[in-house]
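The structure under discussion appears below in the form of structure tokens.
Going by the order they are written in, the chains are A, B, C, D and E; count residues from 1 in each one.
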Amino acid sequence: MLEVKGITVRYSGLPVMRDLSMKVEQNQTVGVVGANGAGKSTLLKAIMGAIKLSAGQILFNGQRIDRLRTEEIVRLGIIYVPEGRRLFGPLSVEENLMLGAYTVSDEASKRRNLEYVFELFPRLAERKRQAVGSMSGGEQQMAAIGRGLMSSPKLLMLDEPSLGLAPLMVSEVFETVRRLQREGDTTVLLVEQNVLEALELSDWAYILQTGQIRKQGPARELLASDEVRQAFLGL
Amino acid sequence: MALLRINNVSKHFGGLVANRDVSFDVDQDEVVGLIGPNGAGKTTLFNCIAGFYPVTSGTVVFDGQDITPLRDFQVARMGLARTFQIFQASGDLKVVENVMVGSFMRTGSRGSARRAALEVMEFLGIAETAGEMMTELPVAAQKRVALATALASDPKLLLLDEVGAGLNPSEIDGLIALLQRIHTERGVALLLTEHVLEMVMKLSHRVIVLESGQKIAEGEPAQVVKDPEVVRAYLGDHYVKRQKEGGDA
Amino acid sequence: MRKIALVAAIAMLAAMLVPAMAWAGPKEIKIGVIYPLTGPAAAAGRELRAGAELAADIANQVMPGINMDMAKNGGVKSLGGAKLTLIFKDHQGNPQLGADLAKKLILDDKVVGILGCYYSSVTKTVSAVCERYGVPMINGSSTSPTLTKRGFKWFWRTTPHDKWFTKDLFEFLVGLTKGKAKGVKAVPREEINTLAAACEKTEWGSNVAIEIKNFAKEYGFNLAANILYAAKSPDLSSEVQSLIAAKPGAMLFASYTSDALLMIKTLKSMKAKPKILWGQDAGFDKPEFVSLGDDIVGVLTRSVFLPSVVKMKPLSGQVNDLYVKKMGHDLDGASARAFTGLQTWVYVLEKAGSTEPKAIQAACNTISIPGNQLVVPWVGIKFSTKGDEIGQNVLGGGLIGQYQKQKDGKIGLEVVYPFDIATAPLVYPFQGY
Amino acid sequence: MEELGIQILKSLVSGLLMGLVFALVALGLTVIFGVMDIVNFAHGEFLMVGMYTTLLISPLLGVDPVLTLPLAGLVGAVLGVLCYFGLIRFLLRGPMIAQLFGTFGLMIFLRNLALLFMGSEPRIVHQGWLVGKSIVIGPGVVLESTKLAVAVLSLLSFAVVWWLINRTKVGKALTATSLDAEGARYMGISTELMNALAWAVGGASVGVAGGLLVNFWPVDPGVGLLFTMIAFATVALGGFGSVRGALVAGILIGLIVNLPPVWDAILRSIDAVGLRGLDIHSFKYTMVYAIYFLIMVLRPQGLFGWKQ
Amino acid sequence: MEAVKNAFDFGDMPRNELGLAAVVLAFLLSFPLMPHSSFGMATMIQFLMFSLYGMGWNLIGGYGGQVDLGKAQYVGIGAYTTAVMMIRWDVPFWFSMPVGMALAVGWSFIIGYPLFRLKGHYFAIATIATSLVLKDLFEVWNFVGGARGLEIPLKGDFPNWLYLQFREDYYYYYVILGMFLIGFIYMNGFRHSRLGYQLRAIKDNEHVARSLGIDVHWSKIKAYAVATAYVAMVGSFHACYNFNIEPEDTMSLDLSVLIAMMAMLGGAGSMWGPIIGAAILVPMKNYLGSWLGGQAGFAGIDLALYGMIIMFIAAAQPRGVYGIVEAMRARRR
């Protein structure tokens, strides 16, 4: 479904990502894990067209998207739930969700999606008039994921959804991802620092280090490898 | 008498509680690690100590003086230096000039500021980059310069915020050795937060674990890692559960 | 890129180093003329330039139809029929630039003398340059009283200044109460005893404000409001409210054009009803102002030249015809004074018989041009050489004109003061809004 | 005392009217700043273009100046979009310093282009439904028809902009762009389009304002500066980017500049001869700037600002 | 003494810049000896004046990163102090100039304290506001002549070094050139001083600067005071050079904008920026204006062109002309 072919990204001349390739298959959940600064967010932003590539290609359903503008990529059905959530703080929950459906013109499907999000996160329904900036981190993350679902994405890319959340909230967020896997036909690309959770959730995983893929394979296998545990836990 | 004493420090942002009743000490001859998952409030605590944020309640005592009401630059002049998690070099300063800004805290003379800066850079092994522009250095080297700048202000205590972030394993090993030398040869106490646990474990004499703004554990690195609370905080409930299941099986 | 920069630098340098290649012919007298040709006063600048050019044309040719000495000589006779060449410079209203241009004219173009500069502020800096270099300067149209109070040895002014004009106003008001005005019975003093003034607060307006204050005291009028307002203000409603609240018999203004337009509009919208509405030239004497039409019927303005002067002065009519041919409209205060300024230069040179500064200085200090040579209705031109005003023309005089509806339905200015040369009966009181 | 009461009423009325005029002129500035944090120093020149548009087009089409307002708005909008794509888009990449610098250049350019084509003489509209009319509503209390029309348009424009921003999908997208342009792009919002739209709306509002203003105010190439400075003070006082703030601050400034007659009336009513010499008319804009400065110092984000 | 050493230490300047500086210095020193037009001379004097204004602006605008659009108020304070002292008490220029600088610096502390609590556009517009307030006050203050301004009486004997009254411009030229050289060398020393380094650190990142013990607010105020001294010094010179000052030409927004524009065009934050900016804009303003502006029917075309050039530079290279030079140098490396 999504294919990244040998991309290189430079910041002010310095390569931060070198010749990286990866694949996301339809209906799969793919995890990308790695330490802070390994280039995970850079990868997602490159897919979103927010960062220019110095080399390589990105294909979505066979179509080259690395020359497109971000908003065109969104219209193709790739939705990015960014790190730090990037909600529109002073706006209400509902307004934020409706902005998630900005590219959708069909009122009925908007309503359907809104209901689905509210059903997924009942807490958002309770607080739909509240300014999203005044909610707790976990609620904000729900709003961010909910906003991502508003346009019925073909590929949902979650960037550190557990960042800054209390453990209980983290499980709740991952539970949601699991439910999306079960219910929908949504493909998920999950970027996480929370290695174990991410690997447990994913079908396939990539381990990223200093802008390069260090290891890839079925997530369960990676989870079992000592190398991973050592690299991330120092255990 | 501890060099730094944190007494029941709490920090609220509006309704959000970032730190709640955190207390601990750092001694002059110590390296203390401050760990915890993302969003546990480590950086906020650093900012409170450094006077960047006013604390909501509690006190910070440094070198026998209550520094809670002091502003950040006043705290820095007391001998409490810090590095920043996100370090962006954008300016038109050369490396040595950048480090000199640190040494200018202790002297008004350009000559002695320059000497002090070069000495610190020599110590950190980056003397050869002195004439280069900051923006031309790779990230790892930039971080070293930031470290040199903080060190050039001749601090008693150095707060290190994620110095290892974005470095590869071999770079991290070098950094660990360096920090150890800073501590032993220069007698600077270190308080560091880190994601790369490996580094914290190797460096610290003592580790303090924060979660959701509260201290949940304190002790020697080896013990703390085994603390189920800590493992749960870091790796999540499932992992703990599975470990148990695994243990049962 | 480097080459281009190099070439540009060399060109720039060359421009600064090479003196202007003005070639001086034997029979050419160069006069530097500095006026605001662009910038906020560009419209006035155009009139000034045309006025000076017309005077030079008349002086350089033989024009039998003009009853003027200089129209008969075809150049300056005493200098062997040398022709005048005017070098125009644009000071854009900037005193510093004006001074720089004066230096350029004096040192590079080697002019015999300077004419200018309309704005009093620019005239100040330019005359200071002339004073330093000992180059004569004749000023035809700056009305700041201070200009001739500095004791300069190389500065002469032909036009009357604001003190004179303001005095004219008060003479007019007093005359009105004595029944001297044409077509109006003696007006009771109480009716116009209260005055209210609004002047723009740059150097010109604030000078006028001071003169108004001093003369009101001297003539025993009650100056109930004397407002200084920011020139080019987006809103004059508060000023107008205060003027109206003072319940004056006469409202007095010193405004540039856009302020004058906005002032009249605001006065109208606030239904102001003064008995007299008087403006100190500038904005009140511009084509744009006239375009306000019926709203300004009855408004008074001081000037040194009004088209209706033509009726009583044939010479003015002759020159005016030429000016109309050149510009498409009548002479006004600015162009007539510029004309007179340059004309004075011609007579001074004629008298001096030399282009030496000392000779010109002597000629200026002793010259006497009779009124019948001038387009402006003055007694003549004669500069004072002692007292507290050095270089001021003591024979000048102002006019007060009134906008009236003329036979052809157009709005035009009629002379109403001095009373003895009034060209039409005074419309009194002002219609009010 | 009665005189004082009437004067206060008069000043209130004219202050309110003038305040709404200032607010309308400032509206476009605050919209543009709100969306992309750019202060447009050429804002007053947009007003000038609107004024000239009506001045020139009305006699050409033979219609009343008021009827040419949509055209003035259109010209303003087109000018805004042109400026965005021709200049502002490039300035956005640079620091604030370059933005100020660039719009300064635009200001000088537009003003002198007008000088080149229109000459420096102030010009006015002579005939029209609004020209020279005013409504008397009390003893000495007069509403000037153009100012009244501008005031009504001002309220209307604020209502429309408020509605646009708070009640429409595009408005939400604009808000999102202003809050976090990158985040907005992830929603599929074309921020480029939104920025251009902000310039179109800003340009249109000030263009229409110019078209209406020229019924009362004379226009010349330098007319912009008179209003630009006031508009800056208005926008900064209200808080950059705050639509509500611009309205309140505009009215506040309108009232401040109409204080001097009240002061005069007070002096008259208490017959304070000693204070007669103190003419505060010449300080009316000084007061605006001084109050602006004080409020800035006490409340750096402005009255209603949420950005600093 | 170290300060003096710092001031003359040009060691950190690239070799080609030093060479350029030597050429420029030789040119400046010998300019009056070369054949030149008087307008060229006047242009050179203005170039030096605006370079100094720009150097002052650059301290806050360039090194401090905050756009100051109120520099004219300090030109005014310097000019008025000199004029008032000369007219009322017959004080020579060399005494009134330091007094003017001191008064301007005093005023800069008074308004600098609240001013530097503001940032970005708020700061820029607040500087305009303070400058306009001061100008409005001077316009009605009779002691300083109100809007009518002040005119310095001619002493009559030329050259008069005490009162800075000369007939020929080259005297003024050497006086302002002296100021320029002192200003340039002092600026070099400032760059190497503690405050200079601190200011650059502040521009880089205020948080980091604070963590290094720098009182950001106070440092900016101090730098602002130094900047003010530059501007006021030239203001004093302006009064003597022009013989006549008015609020309208010494304290206007136009002047403030022009100062900022030259420094920004040349390149904010570099030693050469203000000088390059003045070297481009002053001749352009004077020559373009006198070539094109004087032509009937072309009024405004010179300034329209000027606006276009400014827009182009701002869009193409936000760091100004010096930024273009630097970019070229970086590419060559």
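Quick note on the criterion: a residue touches a chain if its C-beta (ideal position, glycine included) is under 8 Å from a C-beta of that chain, and two chains touch if they have at least 3 such contacts.
Owing to the predicted nature of the structure, the values given are computational and were not obtained by experimental measurement.
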Other chains in touch with both chain A and chain D: none
For chain C, the least number of touch steps when starting out from chain A: 2
Furthest chain, CA centroid comparison against chain A: C
Greatest separation from chain B - chain, by CA centre: C
Geometric centre distance via CA averages, chain C-chain B, whole Å: 76
Geometric centre distance via CA averages, chain E-chain D, whole Å: 32
Chain B and chain D, separation of their C-alpha mean positions in angstrom: 50
For chain B, residues contacting two or more additional chains: none
Multi-chain contact residues (two or more partners), chain E: 136, 139-140, 299-300
Residue numbers of chain C (touch at least two other chains): 38, 42, 201, 228, 230
Residues on chain E engaged by chain C in the complex (per definition of touch): 34-44, 46, 136, 139-140, 146-149, 151, 153-154, 158, 166-167, 169, 242-244, 246, 248-249, 283, 286-287, 289-290, 293-294, 296, 299-300, 328
Residues of chain C defined as touching chain D within the complex: 38-43, 198, 201, 225-230, 232-235, 237-239, 241-242, 244-246, 257-258, 261-262, 265-266, 268-271, 286-288, 291-293, 295
Chain B residues touching chain E - in the complex, by the definition given at the top: 50, 52, 71-74, 76-77, 81-82, 84, 87-94, 97-98, 100-102, 104-105, 107-111, 113, 146, 149-150, 153
In the complex with chain D, residue positions of chain A that touch it: 48, 50, 69-71, 74-75, 79-80, 82, 86-91, 95, 98-100, 102-103, 147, 151
Chain E residues within the chain B interface of the complex: 2, 6, 12, 192-194, 197-198, 200-201, 203-205, 207-216, 269-270
